[in-house]
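Each structure below is given as structure tokens.
Presented sequentially are two complexes of subunit A, the first with subunit B as partner and the second with subunit C.
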Partner chain A sequence: MFLKMEKLRRLKYKKIVKVGENVKIKTLAEHEMETGVRRDNITGVIYPRLIIQSVIAKYNGKIVFKANWFSGVSANPYLAFYITAKESGLIEIEWKDDHATTSYKRGYLKVINEKGNEVLPVKYDL
Partner chain B sequence: MEKLKRNTLKKLLVLLVSSIAKVSYSNGNPYRDRFQSYRQTFRIEPNPIETERIINNIIGEKKITKNLVDLQVPDTVEDGNVVPLTFKINCSMKKDDYPKKVHVLALENPFPEVAIYEFFPENGNAEVSFRCRMRTSSFIMVIAEMNDGRIGREKKYVDVMLGACS
Partner chain C sequence: MKFYQLNTIYNTNLLNFFFVCITSLIFLKKYSLAEDLISGYHFSEPSTQKIQDDDFLNPGFIWVENGELLWNKKEQSSQLSCKSCHGAASEMKGVALKYPKITKKGDLINLEQQINICRNENMSAETYEPESKNLLALSVLLYYQSRGLKQDIKINEKNKEYFNLGKKLYFKKIGQMGLSCNQCHDDRVGQNLRAEKVSQGHINGFPSYLLRWSKIASVHKRIQFCNEQARAIPFKIFSKEYNALQLYMTWRGRGLKIETPAVRK
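Up next, the complex of A and B:
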């Protein structure tokens, strides 16, 4: 089930960026957003409402962007937003359903210094 | 006796033909199912009073500052199921100068609220693009609530050829 859900969600961004750059993050969820208004043509039964309610984006464990959706968002919802790159780290995105089933997608963002070295979130000296 | 037989046969023929015609024309005009149109499009009527109430709830009695929101929507859309929409808020995303919430409304939808987006100073560019549904050709409104209490608003008209039921 988890593996199947992972295939239906997509995340895309520029993998290696410089410090202070605005990264465009594009997400897509394959989901048939039922509005709860449609009826079956033959039987006349209403399809029950089932939409993605909220999307939360985290960058290194900190919430960066939130979206609350209603029935007016199209099927297979696409979302694009921006993040400033400070240090390399994890980008997590969480989709929450009407049944409170959540699905995740994550990826690693590599941030490079002016000299070409990677900027790590944990600073240590030898 | 023969006349009676002929008459009965004729009546039977007429009945048969009429019954076949009924079946074959049942999809056509005179014998159409009465509830067919009801089944195909179950719709709740849009309520302009409700939309006004929602907008008043967001804005209240605050002043509206100009040139805060940039909206990019195509003027005419073929399919109302997929209306591409991008908005950008003109502000430097530093300390106090960022939008707290941005509401997207499609007036004349049965449920006019489409989406609410929350921003943080971490995203350096307050720009979002997504796709929405529209029932009929109507206005799309974007209302931005800034962190320091300012409010920006922009409205654009979109022509929709084929409406979606949303």
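Up next, the complex of A and C:
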């Protein structure tokens, strides 16, 4: 009823970093996180549980962080973690619901070495 | 030897003088607290303040971003959006400071009622229910535009009648407990009320994100909750009494900066 489009997902980090730097990756998901314990005031019917079960973070296709959540997590959950930058690449975050519906957010991380050149994940020779 | 004795007497007097000065300063600070304007931000815990400081962490910005989507969305019935009349949302800076406002008919309305009137008359769309997410999203968006500006509402002959009603309600004892607003928010500022500090009851952060409900709450909803704590029967949202009270409270906190979307307990 609120809005027919997808619910809001946020991802934020430092876009250009040096090799070996620790990057803080911040995420925020808009979600009600219904615990399955609350009752409706008038009818007394229990609201069914609906929470985000797991959050998976991938860096260049490899899983670097995973969290399993239960009904104690607050609404609109915020999550932050660190990764070590080795090469530039894709950062993907995946939120998985109780209904097994997933939502994604992705971004590009640029990593530079001491000379100022970009460190690419694929090596090539000319 | 004489000189030495004199010197010691002088020193103790000086120490006494400083002691009196410091204690009187502390005394003055403690009892003049209710006269200075202090935002509710300073009464909340450091962990709560941290959430408000960071715009990414603050969940109230979900409402701001959704409000921006609603601002630009065209209604099917009239093919009009808020943007087509008012322009971009950033041009509405300072508009929210004028509310609660007197209409041409002579009623006092707040910003949320004005949004509903605008939708009904100009856009020929259905009105939002009070406390609904869409209404609060637009309300938060408009208050957010004037963040950092000072609350400044003027009392003139038009709204003086409502102002007096609000002032009367502020000092009126209600409920089973027999409490009035000023007993806590003027006389017992800074004291403990169970696990919470009693604030001055300013509404410069509203509509704000309340951690206890994990959603945005409007001023009227918060006053309803306050009335329930005093075991009184609350008025309805958008009622004449609450609008008058909101007018008095914005006047009471004039000079404070708008913090919407603030985070409170």
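Criterion: the second predicted complex is superposed on the first by the 119 of 126 C-alpha atoms of A that agree within 3 Å, B and C clash if a C-alpha of one lies under 4 Å from a C-alpha of the other, contacts with A are read in each partner's own complex, and residues count from 1 in each chain.
The working rule: contacts are C-beta pairs under 8 Å (C-beta built on N, C-alpha and C of every residue); 3 or more make two chains touch, one makes a residue touch a chain.
The structure displayed is predicted, hence computed values, not measured ones.
K.L.:
Looking only at subunit A, is it subunit B or subunit C that touches more of its residues?
P.N.:
B
K.L.:
Output check: A:R39 vs subunit B and subunit C. Expected answer is one of first, second, both, neither. What do you get?
P.N.:
Only subunit B is touched by A:R39; subunit C is not.
K.L.:
Based on the superposed arrangement, let me know which partner A:K12 touches: subunit B (first), subunit C (second), both, or neither?
P.N.:
In the superposition, A:K12 touches subunit C alone.
K.L.:
Name the contact category of A:V64: first (subunit B only), second (subunit C only), both, or neither.
P.N.:
In the superposition, A:V64 touches subunit B alone.
K.L.:
State whether A:L28 touches subunit B only (first), subunit C only (second), both chains, or neither.
P.N.:
In the superposed model, A:L28 contacts subunit C only, not subunit B.
K.L.:
One more residue to check, A:Y78. First (subunit B), second (subunit C), both or neither?
P.N.:
Both subunit B and subunit C are touched by A:Y78.
K.L.:
On subunit A, which stretch or stretches are contacted by subunit B in one complex as well as by subunit C in the other?
P.N.:
Touching subunit B and subunit C on subunit A: residues 74-75, 78.
K.L.:
Okay, in this complex, where on subunit B does subunit A touch?
P.N.:
Of all residues in subunit B, those touching subunit A are 35, 38-44, 81-83, 93, 106, 109-120, 122-134, 164-166.
K.L.:
For subunit A, which residues are in contact with subunit C within the complex?
P.N.:
Residue positions touching the partner: 1-3, 5, 8, 10, 12, 26, 28, 30, 33, 74-76, 78.
K.L.:
Where on subunit C is subunit A touching in the complex?
P.N.:
Those in contact with subunit A are residues 56-57, 59, 62, 65-66, 69-70, 133-134, 214-215.
K.L.:
Using the touch definition from the top, list the residues of subunit A that touch subunit B in their complex.
P.N.:
Within the complex, subunit A contacts subunit B at residues 22, 35, 37-42, 44, 46, 59, 62-75, 77-84.
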